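Structures incoming, each one as structure tokens.
Here come two complexes built around subunit A, the first alongside subunit B, the second alongside subunit C.
Coming up: the complex of A and B.
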């Protein structure tokens, strides 16, 4: 008896809820838009407000990223790589696991850093506050930011001293993880799978060429490179390696990758060690080297 | 003091309501799994389109596995007697919404640079184990529209990893960027489901009595639906036929 009463009242409640949502349906979109203009971003001591970024977005960003943030601004048709579509809520440069949203700081770094090999410049003329406001504005384009939180930032241990052993261990990882399948044995972006790679929109995409001297998309410091292969670059073929590389081992790989780059501000030590060791490119047909890379490193 | 009394009353009311909700919840979910099933066959009417052989020469370790019998594309897999394999059959309408996801994990294996099975189905919330049996690296890159997209590397010898899917989506394409011929589908359903085998046979088990809309999905031919009524303790049957194109 009691259950029956409860069931019918539940039904009534569900029906009235349905009615209410139907009534508000028409205003939903506008409502959500207004809601999302309240979007905030927090970076250090700065709090960004989406509403405050409207003028700067229209002045600096809209030409490529579009009024609706869908990456279809009037310049987009001329660009390769294409501008980011913010409505997808998917970003390459993150300090969070694959499949999760980046932190506000990740987005802030992207605005401040710009992207080499694309038309996205460094926005030096903007103040820190402007940039944090813009981060909030970028977030307001995707409903993901209202339903999900940023992913949990994975810990990065302090960077150890570069040693010959670490560079060698890094090279073993480069072979074991088969980085060369796309990036090539010398890092020249000419591995066997390099010419068939596509991004999520099925557009051809090239792996990073370490030997060219250009900056990696998501930053040039050792920590940036560490984050790139651990997080993966979502929306591209570059997967996350965080399940297969131990935090400390990851530094070994960073050091080895440095030896593939031409001389820059960051790789003097690594290049000197490689020279001293007489380091040769890996031979993909040789049996996998035993010692440092033998453990699978996988998580259960 | 008065406000204190008031809050006590409110607290009691809340506790009482919660208890009521609990009783209601348990009375609903306690509906016994009657164990009825829906079985049937999916047939292909006509000749299956030619499936191209896959050139795996870029991945010698996989090419070696298929050296006697080349691997084929699998967009339409017809078995003996016109049975159509890899068709996901699931209940698209009529479920109570209280069905619990199966506690058994399904497995998606990468072997010979192919996905086995080519089409894997599972409940939203059910666990999926991803295994790499090959001596080459794969990256598992599902491309969902209603779930979060991710892209993970799985080098040879690394441990299997576990995945769940939050939302129903039929079906999520999955690919490997390193081996561009690798294609598969992950069908995320709610409630009982079955995937047809080489003879076209499928079974949905643990279906509660009721009237349902049954949907069959095939990656090339799309979906078909039909109504089916399941009586308590009695197996129901449903058959589908897709026309070859």
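Coming up: the complex of A and C.
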């Protein structure tokens, strides 16, 4: 009887200890987060203050990203893809190398641009100051911003003139880098690996379908696309190619990817060249063709 | 129960109510369900739109990403919101004509009535039929469940990929910067903008009411960030009444505005609007009964003014001005022709009759303590600047009214919204009492305004 009582007491004690630890940890996390409310963001002439964004975050963002910024807002359960977990300090759209923090401007652009293929809207109705304040608030959720600096912005050389050789060189690169394994030979997001992809939190994720006409995740311009595959999309299977692809080759790939997209404001020339060349989808079983000799301009 | 216990119980109830309200404001039903956004993302305080909500509306109820088409919606999603408001209110009018022993309407008394009541029921359903094709259908009942279509429209959005090309057809609210359909107040006189419905005493023009939803077609364009907005609508001059009850006359409504980024203060917007049109003053009749659709003797009317949305952080001011004019035939309730079209004017116009004109001003300050709690005030003043008949007292028909109130929205989930509403309105119309003196009325209202 006494042993049973002791066992019960021990169990109860352990449970209480666990509960108290959990509560303390939660309180400590909240305390640390509050301490970071003095976080700032700097974009152009604007300086954002996290403390000034609390009301706007609660008004516009909390439904999806949650009070704690952990992506667990009340509506997260209905959303696919899931809202970003700011506490991880990991962001897809960067002008900085993979594994580093984005710049304030990267986050600012994300807020203003919104994301196709998600319900993240374009928040360009907010004032510039509001958006910079929100960037500071987003940063305050993760302790990473207090211990690390944003990564070094990698340089993007001036965009060269698009030529037939560059488009063909880009196609060769598309095959060589095995982009087709996820994105498919025609860019339809139906490559052999496309159904197996998961993000870092083990959630299924689909590659970008170039043919459906939606905006690429991190922007529509040629520079945006360049940045996407050079920086990679952290937290997803999309790797960074900054160490494998020379900047000039990267432009070739941009031009080729443009030919996969439906007609839009950015790909008139590329599509015309592809039509002129009679460009066919790559054959994944064939050896990757060598890039045309004249494809590359000056090397950095 | 002793008195202190009653107080304790009451306080506990109040505390429960108040603390329950500390849950954050959530999304309004219908659109919020589709996008997962909170109500406060689009509403300064429900139902008034903020700049983001205005842009969402201008984009055809789209966020302008690829999730706008219905194909992305959860199959269980049904884009409908029901809204109704049970209330208690006290209404008092100081000079009402009553019958006495001396005959009909020979007396004048103050009438005050109070009790529990109900608003009508609105069925809001709207959204997208496909990417860039939006719709809104709103069957609405009065408080006896007699239904009519308040809004029925479909809109082609972003034609040719341009935010400057949007066209809608049907019955819809005019592009008023300060929307009466999203008004934050609920009383009889305070629940509308007097400026949107004003006509001088004795004026019979019921077609220039910019607060009423109208039947027609509207072009609307806006810049990508919605800072610049323009619209032009061609409307049947029948005040939105279905069945072609008036003649073959049309009105036009034009609006434009420009918003400015003023940093921490917010987005300020200034604009103007104009409604110009013609409407019939007379109908053919059969057995003395007007025949619908036979209106003729079209006469003109106009309303135009400036609008402003001024934000000073949590405090904002909504401003509308108006200069209105009604043709003298409307203003004197005169039919210009004999019953057969083409006859010479009957000459019944009173001697010296002239167009009636007026000027009005409306300011509505809000203090948005949080998206859940908003304090509301409003002042409207309308002065007739020219009476149709010189003999009419210059201030006859002038209106002064103010409204104060607050809305507290403790519960707003993505499935339902609930607001505690408290409001007081006072209105005086000069020389409008049966005895020719000023007529004043007031209303106190408390109630639950909820949508689900």
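Everything that follows uses one rule, which is that the second predicted complex is superposed on the first by the 255 of 300 C-alpha atoms of A that agree within 3 Å, B and C clash if a C-alpha of one lies under 4 Å from a C-alpha of the other, contacts with A are read in each partner's own complex, and residues count from 1 in each chain.
The definition used in the following text is that contacts are C-beta pairs under 8 Å (C-beta built on N, C-alpha and C of every residue); 3 or more make two chains touch, one makes a residue touch a chain.
All values reported here derive from a predicted model rather than from experimental measurement.
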| item | value |
| --- | --- |
| Which of subunit B and subunit C A:234 touches, first, second, both or neither | first |
| Partner chain(s) touched by A:153 [first = subunit B, second = subunit C, both, neither] | neither |
| Touching partner for A:99 - first (subunit B), second (subunit C), both, neither | first |
| Partner chain in contact with A:90 - subunit B first, subunit C second, else both or neither | first |
| Subunit B versus subunit C as contact partner of A:128, first or second or both or neither | second |
| Partner chain(s) touched by A:176 [first = subunit B, second = subunit C, both, neither] | first |
| Set intersection of subunit A contacts, subunit C complex versus subunit B complex | none |
| Subunit C-facing residues of subunit A, complex | 52, 55, 58-60, 62-64, 67, 73-76, 78-79, 114-130, 212, 214-215 |
| Residues of subunit A defined as touching subunit B within the complex | 3, 6-7, 10, 90, 97-100, 176-178, 181-182, 192-193, 196-198, 200, 232, 234-241, 243-244, 296-300 |
| Subunit A-touching residues of subunit B, taken from the complex the two chains share | 20, 23-24, 27, 58-59, 136-137, 139-141, 143, 148-155, 157-159, 161, 177-180 |
| Residue numbers on subunit C that touch subunit A, as the complex places them | 24, 26-27, 32-33, 35-38, 40-41, 51-52, 54-56, 63-67, 74, 224-226, 261-264, 266-267, 370-371, 413-414 |
